[in-house]
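My questions will all concern the structure given below.
When the chains are written out, they are named A, B, C, D and E in that same order, and each has its own residue count from 1.
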Amino acid sequence: MAEVPPTDEGWYVLHDFRTIDWDEWRETPEADRQRAIDEGVDYLNEQAAVEEGTTAVFSIIGHKADLLVLHLRPTLDAVSTAERAFERTALAGLTDQPTSYVSVTEVSGYVSDEYFQEDGEVDAGLERYIEGKLKPEIPDDEYVSFYPMSKRRGEEYNWYDLSFDERAEMMAVHGETGKGYAGKIKQIISSSVGFDDYEWGVTLFAAEPTDIKDIVYEMRFDDVSSKYGEFGSFYVGRRFPAEDLGAYLAG
Amino acid sequence: MAEVPPTDEGWYVLHDFRTIDWDEWRETPEADRQRAIDEGVDYLNEQAAVEEGTTAVFSIIGHKADLLVLHLRPTLDAVSTAERAFERTALAGLTDQPTSYVSVTEVSGYVSDEYFQEDGEVDAGLERYIEGKLKPEIPDDEYVSFYPMSKRRGEEYNWYDLSFDERAEMMAVHGETGKGYAGKIKQIISSSVGFDDYEWGVTLFAAEPTDIKDIVYEMRFDDVSSKYGEFGSFYVGRRFPAEDLGAYLAG
Amino acid sequence: MAEVPPTDEGWYVLHDFRTIDWDEWRETPEADRQRAIDEGVDYLNEQAAVEEGTTAVFSIIGHKADLLVLHLRPTLDAVSTAERAFERTALAGLTDQPTSYVSVTEVSGYVSDEYFQEDGEVDAGLERYIEGKLKPEIPDDEYVSFYPMSKRRGEEYNWYDLSFDERAEMMAVHGETGKGYAGKIKQIISSSVGFDDYEWGVTLFAAEPTDIKDIVYEMRFDDVSSKYGEFGSFYVGRRFPAEDLGAYLAG
Amino acid sequence: MAEVPPTDEGWYVLHDFRTIDWDEWRETPEADRQRAIDEGVDYLNEQAAVEEGTTAVFSIIGHKADLLVLHLRPTLDAVSTAERAFERTALAGLTDQPTSYVSVTEVSGYVSDEYFQEDGEVDAGLERYIEGKLKPEIPDDEYVSFYPMSKRRGEEYNWYDLSFDERAEMMAVHGETGKGYAGKIKQIISSSVGFDDYEWGVTLFAAEPTDIKDIVYEMRFDDVSSKYGEFGSFYVGRRFPAEDLGAYLAG
Amino acid sequence: MAEVPPTDEGWYVLHDFRTIDWDEWRETPEADRQRAIDEGVDYLNEQAAVEEGTTAVFSIIGHKADLLVLHLRPTLDAVSTAERAFERTALAGLTDQPTSYVSVTEVSGYVSDEYFQEDGEVDAGLERYIEGKLKPEIPDDEYVSFYPMSKRRGEEYNWYDLSFDERAEMMAVHGETGKGYAGKIKQIISSSVGFDDYEWGVTLFAAEPTDIKDIVYEMRFDDVSSKYGEFGSFYVGRRFPAEDLGAYLAG
């Protein structure tokens, strides 16, 4: 059997996608609309103000969703509570939940060898780096792309049948590609093994949407993606302040 | 033709997934909500109190379901009755059934050779072990992960074309991986061959959700999964006492 | 081109799956419920009493369906009429039709060589055997499993590219596996080539559901299934007398 | 690059599948039902009476559809107009459109070499044959089977990577199989390349439904299907005169 | 790792597909219909009149959609705004959004080598050519075909594992095929990497629909498509002036 990389986990993540029921929105009287907006803003602000973890809201383009409410929390229970709390708002009555994704932030031994060595000295820089991966901040006012992915277990190309070193080397090359986008792209990598239909969720943030396209395209040429990556649906949108919810709904 | 492993079966299993119709919930007057909760709690308690078998309820995170009602019964008819009895409750009117899974608990000759030998002496320990597999208890207050799976019949890697010994050896290695999680993970393995769309259902329980992630991830590197496993959707949640249904619905 | 097996056909078959709209059922006044039940029972009895062919009703477990109404008729038109006649009952208003399957009972030259030889003498026993395949009886009060299947046309394993003898030999082995279940399993094999999405429908009947699991599992190790079988969804349930429809709906 | 066969096109084709909303039908007062029938019959007769092209209606068995309205027209615009004109009838209010298929009748250089030679002499017989392919008549009162298909572009078996001669030879063998059904099967072959999700639509007509099964099954053994055919969903039904619409809806 | 082609991007693109809710349309009083049409026409005209970018409306044939509203804009935000502005019209209440596609116009180093050379001299002709790709005009009154596509990453044929030269040569051959349709076919190529489920969207325009069929069919024989192309759903329709919306809805 191939060697399993050590992993460490941080916050649990729920990508909670919502569509607006625009027909109902149009038929809702102004006062009820305002109440829906107010309760939605209050919900988003309360969730963002949790003691540990964070919540952010994004607009999503196209038919797959209108909103992404992204929750990060220290426990699965807190994620579950955040999801259900939304249903107590009047805003929820104007939305459906077409899809979602459950995962937990993760770092692995491919990425930071030392961190996982039993008697490894972890310096403060690495500590902060890992902390940023496990308890990430969500950048303000930036574009977002989310997609789930798995590693291929094909009859010819089987990620899980490779040696640790082969995998680690491909991950290192992949990391190098990523470094070319330092300052332009931030990412949250979260594992959904045992939790959802793919193995990982990838959430990318950028001030320029074309940087998202460029990094995903460039990485597709890396062996780790070209030979071993299997991708689900892609969602693109932009973060907005909770207070702008009314403006968003007004079109 | 390859040798077929002997199997023995215990209780039939229905994973009955339900979504809450939150729009209807919000519009339901308080008294009717309370009646729905009361009837739901009564239903869950009555089902859990059946003479043989058991029933438990779990919250599920994300859009795929809100509740999992897990029934184990000595006959398919008793499973069918349990499923339909739910429809007599007021709670049912607030839910939909987006998916489900039908199976029967199973032990096979890969796992316990002696148990299946015609004149094999089965000691009390093995007897209890097998009994625990066929008539499993559902642990209180733990996280759950459910997923269906089949063995691959690929053009290169075909589980059903391997010799019994090759299969048994891979299953043994898989079992060894599992033993590393003793005390952390409990599981129900149930066959759905001829009953549902995949060949088996796997239901994992853990006090720590990351243990679920870890065992599924580590096992994915076992040949039996890496080369021969095909997985359906994953559902994650947590068991709660029937009496907490009202609190769950209140958000 | 590979040699095509001769075939003979009997009755056309419709597997008409129905879900109960339980929300509507709960809201239907008692008198209207009774009318729905009465009309449903009358419909089922009338259909079962057709001059040629038969109709039976089964409960189905899980979300995929609640009822299977199985029609066998000498013509496609009679099948179509039976399907539409259901829509004239009050019961139909409480159901949806989530799926269905159209096929025709079939015997092929793999199974009974002599039957298809032009000047072959067909003795009375074989005649009765074939008749039982083409105009099958539906056993009372037994469990049912239905699934559609096709033969694989893979790039490596292509059923339609094998010689007749290779196919016939594998079918013979498959038949031997089946003989091990004589007295325990009855089956209807019907072709859906040109009629529905897979190539055949398989309908199994057994007094013990685990016999269904066992035969499907054991057969999966036969080359014909392990290398050449592609399976659709599986549905499991139990036949009940039309008169028990009210009891079924009452939960 | 492989040589592309020359093609010629005739009428555009819309397979417009409709389900009856039986719940609504049952609740519709008799007078409104009659109006729906009358407008439906008028629509079908008017469409069938277009100057160029034709329209026919078929019953379809099973859950996928209840009716197939088949339009052939000299332009895509005329097809679009025919589709939308249906929506002006009261009948449309009792139906949904679960699926459809857009294509154009086509002959190719595989089939009739001479027809496509620049200075080829096309005799009157071939002219009529081609005309019958491009502007086909729809046989009265016969069974219909529709399915879409594409040619496989597998990693091993890639139709588009074969030489013209290899393709032409397989098509010729396929044509020979078809000739065995002369007088029993009529067909419309229409290309949907660039128009719909598969590459061609196949519409078969027969007085005997088992002839449909037999030809599709026999052809599946031809290399062109066995190695290179990829099939979508199959729909089976029967043509009926527009005037019988009321009888059809009455069950 | 294989060399990544340089790319440049222009306008963001939203293919916004809409179905008409014909049942609701039929039940809408004439005055409200007229208001829906008026607001729809105003919306389309306002969107088409944006300072940078453009909007066009097309009829679509078959069940997948009735209308395609095609937006091109300099920013993703402007695309998002255009999508939501539609929801403020009364027309929106008569439509659903079954699907959509998000992308950005793109030119790549395969196509125009010089354009991407750092000190390359880009003459005015090439500049205009590139500008036409990145900020394309939508031809009036022509037929449209839209489909998404990806490059295959198969175990045998993996586009992303080829050398740049191999890819560039195949793209050049593909370009040659395209040149044979100069004057007959116009196209918009837009990347959806990181934005939507396939890697590119292809939007073809032609005065003759059979030219669309011919180019897609001929290109399918190019290695780049035959071995490396994976296609999603195809949509076909025709552009019409916003003012004709009422006539379109009238059937």
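The rule is short, and it goes like this: contacts are C-beta pairs under 8 Å (C-beta built on N, C-alpha and C of every residue); 3 or more make two chains touch, one makes a residue touch a chain.
Not measured: the values here are computed from a predicted model.
J.: As a quick test, compute the distance in whole Å between the mean CA positions of chain C and chain D.
T.: About 28 Å separates the centre of chain C from that of chain D.
J.: Taking each chain's centre as the mean position of its Cα atoms, how many Å separate chain B from chain D?
T.: So the centroids are 46 Å from each other.
J.: If I count partner chains per residue in chain D, which residues reach a count of at least 2?
T.: In chain D, residues 155-156 touch at least two other chains, as defined above.
J.: Which category does the touching pattern between chains fall into here: line, ring, star, complete, or other?
T.: Its topology is that of a ring.
J.: Can I get the ring sequence of chains, opening with chain A and turning toward chain E?
T.: Traversing the ring with chain A first and chain E second gives A, E, D, C, B.
J.: In the complex formed with chain B, which residues of chain A make contact?
T.: Listed in rising order, the residues of chain A that touch chain B are 1-4, 7, 9, 12, 14, 16-17, 76-77, 79-81, 83-85, 87-88, 92-93, 97-102, 104, 153, 155-156, 158, 160-161, 191-197, 199.
J.: In their shared complex, at which residues does chain A touch chain E?
T.: Checking each residue of chain A against chain E gives 20, 22-23, 25-26, 59, 61-64, 143, 145, 147, 154-157, 173, 177, 204, 209-210, 212-218, 220-223, 225-227, 229, 233-234, 236-238, 248, 250-251.
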